[in-house]
Amino acid sequence: MKLITAYIQPEKLNDVKQELYKAEIHKMSVTNALGCGQQKGYHESYRGVDMEVNLLKKLRIEIAVNEEFVKKTIDAIVAGARTGNIGDGKIFVTSLDECYRIRTGETGKDAIG
Amino acid sequence: MKLITAYIQPEKLNDVKQELYKAEIHKMSVTNALGCGQQKGYHESYRGVDMEVNLLKKLRIEIAVNEEFVKKTIDAIVAGARTGNIGDGKIFVTSLDECYRIRTGETGKDAIG
Amino acid sequence: MKLITAYIQPEKLNDVKQELYKAEIHKMSVTNALGCGQQKGYHESYRGVDMEVNLLKKLRIEIAVNEEFVKKTIDAIVAGARTGNIGDGKIFVTSLDECYRIRTGETGKDAIG
Amino acid sequence: MLGLLTVAFPVAGWCGDEAAAAVDTVAAAATEEAAPTPLEAAKTELQNNINIVFTCVAAFLVFFMQAGFAAVEAGFTRAKNACNIIMKNVMDFSIGTIAWWVIGFAIMFGAGNSYFGGGSHIAASDYADGSSLNWTFWIFQCVFAGTAATIVSGAMAGRTKFTSYLAYSAVICGFIYPISGHWSWGGLFSAGEGFSAGWLWDAGFLDFAGSTVVHSCGGWLALAGAITLGPRIGKYGPNGESKAIPGHNIPLASLGVFILWFGWFGFNPGSQTAGVVEIGYIAMTTNLAAAAGAIGAMIMAWIKFGKPDTSMTLNGVLAGLVAITAGCNCVSPTGAVIIGFAAGILVVLAVEFIDKVLKIDDPVGAVSVHGVCGAFGTLALCFFQNAPAEDYSAMSQLMVQLQGAGTMFIWAFGCGMILFNLIKYTIGLRCSRDEEIRGLDIGEHGNEAYAGFQIFISQ
Amino acid sequence: MLGLLTVAFPVAGWCGDEAAAAVDTVAAAATEEAAPTPLEAAKTELQNNINIVFTCVAAFLVFFMQAGFAAVEAGFTRAKNACNIIMKNVMDFSIGTIAWWVIGFAIMFGAGNSYFGGGSHIAASDYADGSSLNWTFWIFQCVFAGTAATIVSGAMAGRTKFTSYLAYSAVICGFIYPISGHWSWGGLFSAGEGFSAGWLWDAGFLDFAGSTVVHSCGGWLALAGAITLGPRIGKYGPNGESKAIPGHNIPLASLGVFILWFGWFGFNPGSQTAGVVEIGYIAMTTNLAAAAGAIGAMIMAWIKFGKPDTSMTLNGVLAGLVAITAGCNCVSPTGAVIIGFAAGILVVLAVEFIDKVLKIDDPVGAVSVHGVCGAFGTLALCFFQNAPAEDYSAMSQLMVQLQGAGTMFIWAFGCGMILFNLIKYTIGLRCSRDEEIRGLDIGEHGNEAYAGFQIFISQ
Amino acid sequence: MLGLLTVAFPVAGWCGDEAAAAVDTVAAAATEEAAPTPLEAAKTELQNNINIVFTCVAAFLVFFMQAGFAAVEAGFTRAKNACNIIMKNVMDFSIGTIAWWVIGFAIMFGAGNSYFGGGSHIAASDYADGSSLNWTFWIFQCVFAGTAATIVSGAMAGRTKFTSYLAYSAVICGFIYPISGHWSWGGLFSAGEGFSAGWLWDAGFLDFAGSTVVHSCGGWLALAGAITLGPRIGKYGPNGESKAIPGHNIPLASLGVFILWFGWFGFNPGSQTAGVVEIGYIAMTTNLAAAAGAIGAMIMAWIKFGKPDTSMTLNGVLAGLVAITAGCNCVSPTGAVIIGFAAGILVVLAVEFIDKVLKIDDPVGAVSVHGVCGAFGTLALCFFQNAPAEDYSAMSQLMVQLQGAGTMFIWAFGCGMILFNLIKYTIGLRCSRDEEIRGLDIGEHGNEAYAGFQIFISQ
């Protein structure tokens, strides 16, 4: 089992969700995040004082999947989130040792879906 | 060492906290999240236009523990969060390679508690 | 590749960012979090009813790095975040199996930077 | 005509017995009135226009208090119920206005006996020639009725079914408030034969701008509502200990309190319904009491809880305002300060008592502010008369005031218990558990108050 | 002089033909006027001061509606555009005030013929001796012009270039509004020779406080703006289906609606520009219509969408207020309730129709509230006259009203299409795609409305 | 009596020498006064009631400015200090009201010499027969004192100990403001023998509604406070470079600015303390200056920072209003536009200068808006007189104005430095570092302003 964590542009969430649905991945968790990377920030100013904003608004998506779904999931995220512009985001994959469904007590592969 | 990540219903936080205290687990971090899974969303409408809300409010709890605490922790979360209804949430367990306490520089098992 | 997750005091973000820049680590993602640990909470009261607040405001930083950067990153975070007071925070390190850059499709070491 | 006016509205009525005499005088004035000289006629006409201008503006200010109530109540409760609170505030005034127009005004000021009006003025149909103040009086009284109605929503916040709340609104503005209002204020407006002052007015009951008539009425109804509903989920722990459920937007609530303070300058001076020298005096006592109320509540909260609590201090302002309302025209400036200060202290104690001892969940403190401080102010005015008549006796006035305040408690609380229980066992008073947990905004309205904002909801 | 005053401002003008007669009477009055007796002179002077006081206060209330518009529009749109909406509301009034001072007032009330003023009063230079109401009239009309201007910003929210919006503001307050305003209201202010009432006034067109003159004017301009701009990104799906883009702060919007309701008590009764008995009547009809509008919209939304929608109910209040504006002085109380209720229903249907059928993106419903309900109210008053003249014919009045409302549609919508397209093809009307996605606050102003708050922006 | 009234309050005093003459005239009028005819008596009485109505309403509007200040200051600072700012605004007015009642009013308007009053009217005890305006005058002046007091809180936001702030509030309303106020305005209210106009009034100093007396007073006190406190943690970087600490709620701040603009229609026209034709004129100049101020600040910010900054534009509105306050009754419309526009430009420069050059941390710009623009407006009025007397000399008036504005700077800044340093070295002026970092809401009040909202606090 893998845990897939992706940072994407906020306005791409709907597209990503749709691609995931197409790939029959229906479960995920989303968090608000701020990111900095290659994407240039922008300047705000407040009362005449300049501020460089380099923590940009991003969304963090977390999806736990069984091995056979890893590629499908990553492809779906890329399909939904890619614009080709700097700032499109990253996908991180880590190993998931165990997974429990709180409601039923199921574990492992059964619990993920 | 393991990193335990749980998604629970927001209103269950206090119960989970209490169960964790009973199990003598006093450390955790909590984030706001939105989740979708088997739980059905609901409909909002705004000015006559229907919107299906399928990202539901959840809380994400992260707890780093030593091996001997893993089961206790998971049991405590389940005890606090289970209602038996769809949407109770998931628990994910990953391996933690290392842990540092910023204040003291301690590492590993000592740093976790 | 490692995924470094740190919880720090919110007001230390700028210092941590600066130390990371000095160490030439320019990428990270930040989330709002609440934490409880050894640090004592404080009391709020509302309309005469006391509330103990033991989930304190923290920031969660996530940085994916190649092995050779792990120590530098941790040192930088510690340098920026340590005050010596309880509540300075924790750093967790997990293994990263894979990393993708959405924009280009690059993977692994190339994708991280 | 000016005679009629200045008598029928207790201009500078420092003391009680004038009130009792008023209705007779009106009758007398009607017969005495000889042909006025051109100067007198002109003066009457102009003064009447001055009165209309001031009373109209005051009515607008009182209307604006609706915004204040909405903001205070929304700010002091949770984000997930904010749309619902707002809808309640918009709708209680809207439905209340219509109920007032159809029947409420008729019951309060129409022809009738000293217990009940209703013999004329239904739907404002035969109203036009009633008085020189005319329609201005109607709108001024309409916004007063709306104030009584809106007080309740705060105490019932976060768990009431919306349809039930709508039903309640119509009944209070159409019946409960105007009936008891007639007893104290029915004599303010007389169109001659067939009209009668209320029995409390006749008894010499003093309540210039409505500490009892408006605020206690709303406050005791709120008490009945909060009791019938029961507390919000999570408000009391397993051992009955009170838990804090903090309000989500204190800046909004404070804006609401400032709006209410502002509106009270219409409520109290406007109750003079005349543009005369007394309105400045009333504005002064009103302001002194509000300021003293804030100070009293802040100090009391500081002593009891260790820190100067914001929401208690804001309640203190309102407590001072409610308490001075009955006597704003007749107490001395020093009296106003004392009444306000005491009300500020009282509201802190009352909130604690109701919350921790009675274990009644009143999210915004409506019962303490409007019920308790309203009754307190009604009684307190006896001891701080600015210029009492020679034969004035504080104790005998106190008896009358006790009678008035007590009657209101029995009437409003009683009606409230009957009404809310009726609703409870017919259409149902409380929303479902799930709806309450998710928030009434989504459950009742399918809306969200702060779309996009990340809000931590663990309660 | 008092004669002039009470005639020139249609005091209690229940019906239409008085209006037509007014200008002649003014002329007549000017010649007839013999030396007034000292009593008459004193009375005139005092009544004039009463009028000034009331009209000034009313002007202040109407000014305060700017705050209401800003809050409603900000609350009903997304957080990322909140600074921009606010800047638009501040600047349209500011630029509008200056444009009004330089040329607008002159065009609307200056010397001229029945189609166009402008022959005097530029920059208030030669204005001082114009009328007994004098400067009070100027400020009252200034805030009216500001109201017409600010209506548009809501319909164009979230995608308009800021500079273009500034340009638009100057044109509407300097030209579009005063020209059409002159047709209906030019005759309100006459300094004698060389001045002329407008042709719609002469035709007997009734629009007491501006359902058509102010609100429809703004509403149809808003329609032109929304059409020319096109919808916000993401408002319509690939198949043209409408998507909801929820407002970010409903409590703020509701505060705005209460402020507008409050301000309307300046707008409608203030249009009497006199402190007389009628202002109370107008306040009553205004309040009844607003309440009925809320009820109508709530019921309609409940029926159509299954739940009582908050933002629609708030729109219902405004719909009732806009609709009663034209006839607030002349319809019966029952008429006011009916007009308000119908407007509440109408606004829900109009919002749906414009959004789902015409597919025009009007984020706050400005076209439905001000355009549609303004026109509706202008026509509806024909059928609910409180005390019509003997020879009054609703149908013939309806023809006149149709002429007035229709003319306004052609004028305002036409001017709007020309103006906005001119801007579109010169300085550009719409901001860039990137700017729109990130939000106008950062793009246009480099500011953030809620610094520090975590806001989920997936739209 | 009417004579007394119209002289004692500078009705239409376009120019300075009338003021100097006023006190003598009052004395003269008192002796001359023969028995008035019935008509004269009636006219005096009615006009007096008109004045009371208008002045009361104006006082209510000025009171409402407290809500505006609270909203502006809360919105322009960080969320973690919002409860604290609100408590300061509620309490400075509350404590200020009581201090004003006890001693402030007596010092400013009681019997005394031209430097100091205080010989009567303590706690409003012997006040009743003072003047025909009576209590209305008291409440109007009370809310003015509250305005001066509340200005300071914004400049000291985010780091001041709450108890210290309470102490300060009592001193300013009880002593600092009334003493200097007596110099310019003591002559507004004379009860005959033993009363004396202030020396600045005698010198012909013109400050109709308080650019200097109220706003500069507050502004220079704010300067002293901000200097004594030092900047907020994180406001200046290691090399002294200024950092932005963005306000957390710009929509709230903008609502505050609209409320202030609205309230200023009480502040300026109300200073006429009479319901006469001039109030419309004053409303017009006030509005023109506010609008021009917004435009001036927006343009200047656009030029200097590349984009039209929202908070600067909002400050521009206030700058225009503060600047016109001194001369609102005597400058020409064009003059009002110029003064407002210049103040808008000036405020942007002043904010930058104070922030970046002087390195004084004034979170909301109170010093620039009230201090700098108040002084500017006081001087500027010399050059834009609408109808100057034949022998009027702008330069000699300027000398008087410089004397008045300069005196106020020395007085208010001096008193402020003494007072704040006294507090600093006794009870302490600044809260602890930890408290400041966590936010004063939790530290001082144990409250949270936005419970549940996720707020990113890295500053």
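Every chain is named by a letter (A, B, C, D, E and F) in the order it is written, and numbering of its residues begins at 1.
Everything below uses one rule, namely that a contact is a pair of C-beta atoms (placed from the backbone, for glycine too) under 8 Å apart; a residue touches a chain by one contact, two chains touch by 3 or more.
Keep in mind that what you see is a predicted model, and the values were worked out from it rather than measured.
> Chains in contact with subunit E and with subunit F: which ones?
Chains touching both subunit E and subunit F: A, D.
> Taking contacts as defined above, which has more of them, B-E or A-E?
Of B-E and A-E, it is B-E that has more C-beta pairs in contact.
> Measure off the straight-line distance from the CA centroid of subunit C to the CA centroid of subunit E, and report it in whole Å.
So the centroids are 53 Å from each other.
> Can you check how far apart subunit B and subunit C are, centre to centre, with Cα atoms defining each centre and the answer in Å?
18
> Measuring from the mean C-alpha position of subunit B to the mean C-alpha position of subunit D, what distance in angstrom results?
47
> Hunt down the residues of subunit B that sit against at least two other chains at once, touch-wise.
31-32, 34, 44-46, 94-95
> By the touch rule stated above, which residues of subunit E touch at least two different other chains?
39, 42, 46, 50, 53, 57, 246-247, 249, 255, 305-307, 309, 311, 446-448, 451, 453-457
> What pairs of chains are touching here?
A-B, A-C, A-E, A-F, B-C, B-D, B-E, C-D, C-F, D-E, D-F, E-F
> Enumerate the contact residues on subunit B facing subunit D in the complex.
10-11, 13-14, 32, 42-46, 57, 59
> Residue numbers of subunit E touching subunit B in their complex, please.
242-247, 301, 304-307, 309, 311-312, 315, 348, 351-352, 355-356, 365, 454, 456
> Across the complex, what residues on subunit C touch subunit A?
3, 26-32, 62, 64, 94-103, 105, 111
> Of all residues in subunit D, which touch subunit B in the complex?
437-438, 442, 446-448, 451, 454-459
> Over in the complex, which subunit E residues touch subunit F? Could you list them?
It is residues 38-39, 42, 45-46, 48-50, 52-53, 55-57, 59-60, 63-64, 66-67, 70-71, 74-75, 82-83, 86-87, 89-91, 93-98, 101, 123-124, 132-139, 142-143, 162, 249, 252, 255, 441, 444-454 of subunit E that touch subunit F.
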